[in-house]
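Accompanying notes for the structure given below.
The letters A, B, C and D name the chains in turn, as written, and every chain counts its residues from 1.
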Amino acid sequence: MNIAIIGLGKMGGNMARRLARGGAKVYGFDLSAETRSKLAAEEPNFQGFDSVAKLVASLPKPRVVWLMLPAGEISENTFAELKTLLAPGDLVVDGANAMYKDSQRHAAELAEGGFRFVDAGVSGGVWGLANGYTIMLGGEKEAVAQVEPFVKLLAPAPDRGWIHCGPAGSGHYTKMVHNGIEYGMMQAFAEGFALLKAKEDFNLDLGEISEVWRHGSVIRSWLLDLIAGTLAEDTDLAGLAAYVPDSGEGRWTVLESIELGVPAPVITQALFSRFSSRGNDDFAMKLLSMMRNAFGGHAVAKQ
Amino acid sequence: MNIAIIGLGKMGGNMARRLARGGAKVYGFDLSAETRSKLAAEEPNFQGFDSVAKLVASLPKPRVVWLMLPAGEISENTFAELKTLLAPGDLVVDGANAMYKDSQRHAAELAEGGFRFVDAGVSGGVWGLANGYTIMLGGEKEAVAQVEPFVKLLAPAPDRGWIHCGPAGSGHYTKMVHNGIEYGMMQAFAEGFALLKAKEDFNLDLGEISEVWRHGSVIRSWLLDLIAGTLAEDTDLAGLAAYVPDSGEGRWTVLESIELGVPAPVITQALFSRFSSRGNDDFAMKLLSMMRNAFGGHAVAKQ
Amino acid sequence: MNIAIIGLGKMGGNMARRLARGGAKVYGFDLSAETRSKLAAEEPNFQGFDSVAKLVASLPKPRVVWLMLPAGEISENTFAELKTLLAPGDLVVDGANAMYKDSQRHAAELAEGGFRFVDAGVSGGVWGLANGYTIMLGGEKEAVAQVEPFVKLLAPAPDRGWIHCGPAGSGHYTKMVHNGIEYGMMQAFAEGFALLKAKEDFNLDLGEISEVWRHGSVIRSWLLDLIAGTLAEDTDLAGLAAYVPDSGEGRWTVLESIELGVPAPVITQALFSRFSSRGNDDFAMKLLSMMRNAFGGHAVAKQ
Amino acid sequence: MNIAIIGLGKMGGNMARRLARGGAKVYGFDLSAETRSKLAAEEPNFQGFDSVAKLVASLPKPRVVWLMLPAGEISENTFAELKTLLAPGDLVVDGANAMYKDSQRHAAELAEGGFRFVDAGVSGGVWGLANGYTIMLGGEKEAVAQVEPFVKLLAPAPDRGWIHCGPAGSGHYTKMVHNGIEYGMMQAFAEGFALLKAKEDFNLDLGEISEVWRHGSVIRSWLLDLIAGTLAEDTDLAGLAAYVPDSGEGRWTVLESIELGVPAPVITQALFSRFSSRGNDDFAMKLLSMMRNAFGGHAVAKQ
């Protein structure tokens, strides 16, 4: 059982570890020599390479090359390079977050060279190493069968937590929707705890409340487990900035909602709240302030 | 250990059962004789009464009377009646969903007569009988101590799943926020599964996907467990109407968001989606249709 | 034609001016002596008083007393004082922004003393002095007839721009909805101009675009006139803070939407955007940041 | 002054009329012979052609060909055909609603053949024939100068209501944002009037209120003029279905909001309300109903 992992960051590195510990021989590439040597020192089943070409040359055929790269230029360049290195029958998995239409395109482009493709939506975060990852696969039946042994090692259990969703693109589509739901759930929790916090005369202990909600309530969930774990130690979050990035999947979900004509008000508002947290509605708010002054003579706050 | 439960519906009835099975002697009142006799037949520790007055007369002092009545007239009338029946030192628990400001008022009104009051937010639904209920209590320390033995029977475990939140009203406030979060989470799931369904060319199996998400994914939760359980048997939900009631708690959460000036876009949109599902935005939509025709000559759909 | 105006701020002062210039004799009260004397110097038909009691004593019966006071304590105290000063048949108009349910209560309370009441929603801002005010009246037919001569002076024209909406409360209700619409329109413009601004590679001239839209476009409106007037001189609004107050009417509209079960997503989001502009979602955003770190190991921005 | 108009529907036909009446010689093509002959009968300055090729052959150089075609296949095919028919120096205007990125692409593709391109966002609806159209132009300075004489005829006045926004694409971008604002404004009005309607105990006359708001109020606008015009005759809109199409521009605005990371909650909710009006959230609502039943035993409405 041989597999290549290209991109050994937070997700890719831990997936390489879990595969290696499960018995697969893992051929890894990452730009960082330190990352490669750290993994090699930890995992006897891991071998690092300082170029994709060398890695591919060493990997026995038919090859399975699993990409864990950021969407965009780096990912596209690697797809292009692999097409010059792989042999017919080799298979590329894109396990990173990617727009599903790009995965459909990658499937078609690879097929022209006789290569196989599977898109794999992977959820689990930093906890996946210990607990396993949820994996959503898109691609042809034979291609999925080829990656199945590895997926069974990555999943929480061999027969649980992974699925062949449908044709190429459907794995990333399903993962995209998963993350869209995640945006909505996170925002729902954030709004709720903010309402607890703001009711100052009750002086509520948010840590204890979140812990209690974990037992028997309708909203018990893994996200709540995480919240309770943090709030138990710090209910003020005073050190954190009210600044929230977003990472593509939320945006893609909204784009799809628009394309399909299916309303997604909660997922969209969750995304917009993050935009606003970064000051991206400042100009709109200045315009409101200006209008209020223009029609009502209301005093405006100056910068 | 003696306790009265007034209102033996879906929630109250099962709470009476769980208390009786836990060893409490339960004095129950419900308007339905059938409900009372059914419970009495099932639970040796349960005794039914056909009037609140008789129940109170039989219940040893200091009394604990736990109300599970719909907010509004029925609940208010029962509070009024109890004030004529109870003795100083007796305690009333409002365990139903109630607006927290009403609970603050009830606490003040009962205190005038020398009675105690605890508001108890209870979550758990029809599964609470087996799994226990999450319970959020508001009231004075001594009052909460008086109901604590019963709360420990209702909770998933004696030392878990219940909390004394703060002063009177804070139990219902916390439960209200819990339900607000629930509205947001439910809508997030609903939007996500609707996006899976609408992507027809992928022909996704919603039942299998929901099952897979239960293992290792970021959105695993009890609501997802319930969704997976149903979708496994029926992915089309063809028999259901797209018509969703709302029950007070969601509205109260939004009112509080407005009062505190703390934005709750996701919880609010979840509520508005339910309003719309019941046709409550029909007139607004007719107006849009009329405007489009008026400025653009667009054809309008007629009824 | 005699009328009292109590509260001579931005709105009340200009309304007093417009009435005085129209030929009414205006009896004015304001806490500020400077405001009173300034008006008296400007308008021969205006007479200032340093107490409500003196004003009422001088005003010929049947009296019309028009309040332009902030909702809440000041307004409530003045209602209470007037009940001790007025004679049966006298009439109180509340022309300030007030929650319509308060106006229904005021009508009932005044009726007990034999006093009349009209609620008057007034729109027009600082431009009303020159252009006239839109006025929405609630109350009994005879009461409205009693204030009609003054309303005709305040309106843009005697037979235009004012309306008797219905019973007491309906004037303020209609004004509340007017302002709710205003919130939505303002936010729509703000979002649109923000999108023009953010498309930096087009380097669009927002002032010129807003001016062009004033002629022939579907969105031409008085708000757009005001926007164009300001943007022509300052397209960056660099001196303004992205901080927007809200003043009650928007909140009341959303509360009513919840009470009636009629969705108002746009008006509500417009309100929430203002809440967010004032940092009121900071804690929610910190929670999101914390969750992202907890499940994904994402770096968090620190304060 | 010669110009071709391709596509003589509601917008294109009236623009042809306005140009012809302004003194331009208009060469028109439409698939419908009836449309062509009707225009020819009305306007001496109009000449109809039954093929694009014949039209181009007759039109003196340098040609100005103004397209008023639906975005998508028909428009793309016509662009392709024109590239085979035009001569270097000829100019194509896309005056229909088009995604601005498509206009950027058209500009580049036409430039390869030595052709010029201007994108023209046109607003005004069925009232444009009488009142003139607001026109937003994108393209190179020389190209815009070539269409300027025609734009001056179409605008409300030669020096008013039209603008050269910036490079190719910027005209359609500005028009897209205009329509996004329009979506938000329309929804704000729709929500407000729905709240007036729903307050049944006030029995408000929506037609009279809308008329009054036209005079002096903050929300006076052309849309309100149209609303008042219709509601004066029909305040119930009983014959209309609560079913609202959307036509591309709203969607594009939201997509741009996502791409730029600038929140547009109001414009987006306006769009989602239209989606919902067409039943596109039915499956989501069925899921909510199912969840409520699963956790709370709530009765569900059946179809």
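Note that in this section contacts are C-beta pairs under 8 Å (C-beta built on N, C-alpha and C of every residue); 3 or more make two chains touch, one makes a residue touch a chain.
Chain by chain, the UniProt names read as follows: A, B, C, D = 6-phosphogluconate dehydrogenase.
Quantities reported herein were computed from a predicted structural model and do not represent experimental measurements.
Q: Enumerate, in label order, the chains that touch chain B and chain C alike.
A: Expected: A, D.
Q: Find the chain most remote from chain D, comparing centres computed as mean CA coordinates.
A: If we average the C-alpha coordinates per chain, B ends up farthest from chain D.
Q: Select, from A-D and B-D, the pair of chains that is joined by more C-beta pairs in contact.
A: Most C-beta pairs in contact, of the two: B-D.
Q: I'd like to verify one number: the distance from the centre of chain B to the centre of chain D, where each centre is the average of its C-alpha atoms, in whole angstrom.
A: Measuring from centre to centre gives 48 Å for this pair.
Q: List the centre-to-centre spacing of chain C and chain D in whole Å, with centres computed as mean CA coordinates.
A: 34
Q: Approximately how many whole Å separate the CA-defined centres of chain A and chain D?
A: Each chain reduced to its C-alpha mean, chain A and chain D end up 38 Å apart.
Q: For chain D, write out the residues touching at least two other chains, lowest number first.
A: Residue numbers touching two or more other chains: 125, 187, 189, 191, 193-194, 198, 218, 222-223, 262-265, 269, 272-273, 276, 280-281, 284, 295.
Q: Using the touch rule from the top, collect the residues of chain C that touch chain D in their complex.
A: Checking each residue of chain C against chain D gives 123-125, 128, 131-134, 136, 155-157, 160-163, 165-167, 169-170, 173-174, 177-185, 187-189, 191-196, 198-199, 202-205, 208-209, 212-224, 253, 256-257, 260, 262-267, 269-270, 272-273.
Q: Chain B touches which residues of chain D in the complex?
A: 10, 125-127, 186-187, 189-191, 193-194, 197-198, 222-223, 226-227, 229-230, 237-245, 265, 269, 273-274, 276-277, 279-292, 294-298, 300-303
Q: In their shared complex, at which residues does chain D touch chain A?
A: Against chain A, the touching part of chain D is residues 218, 246, 251, 254-255, 258-259, 261-265, 268-269, 271-273, 275-276, 278, 280-281, 284, 295.
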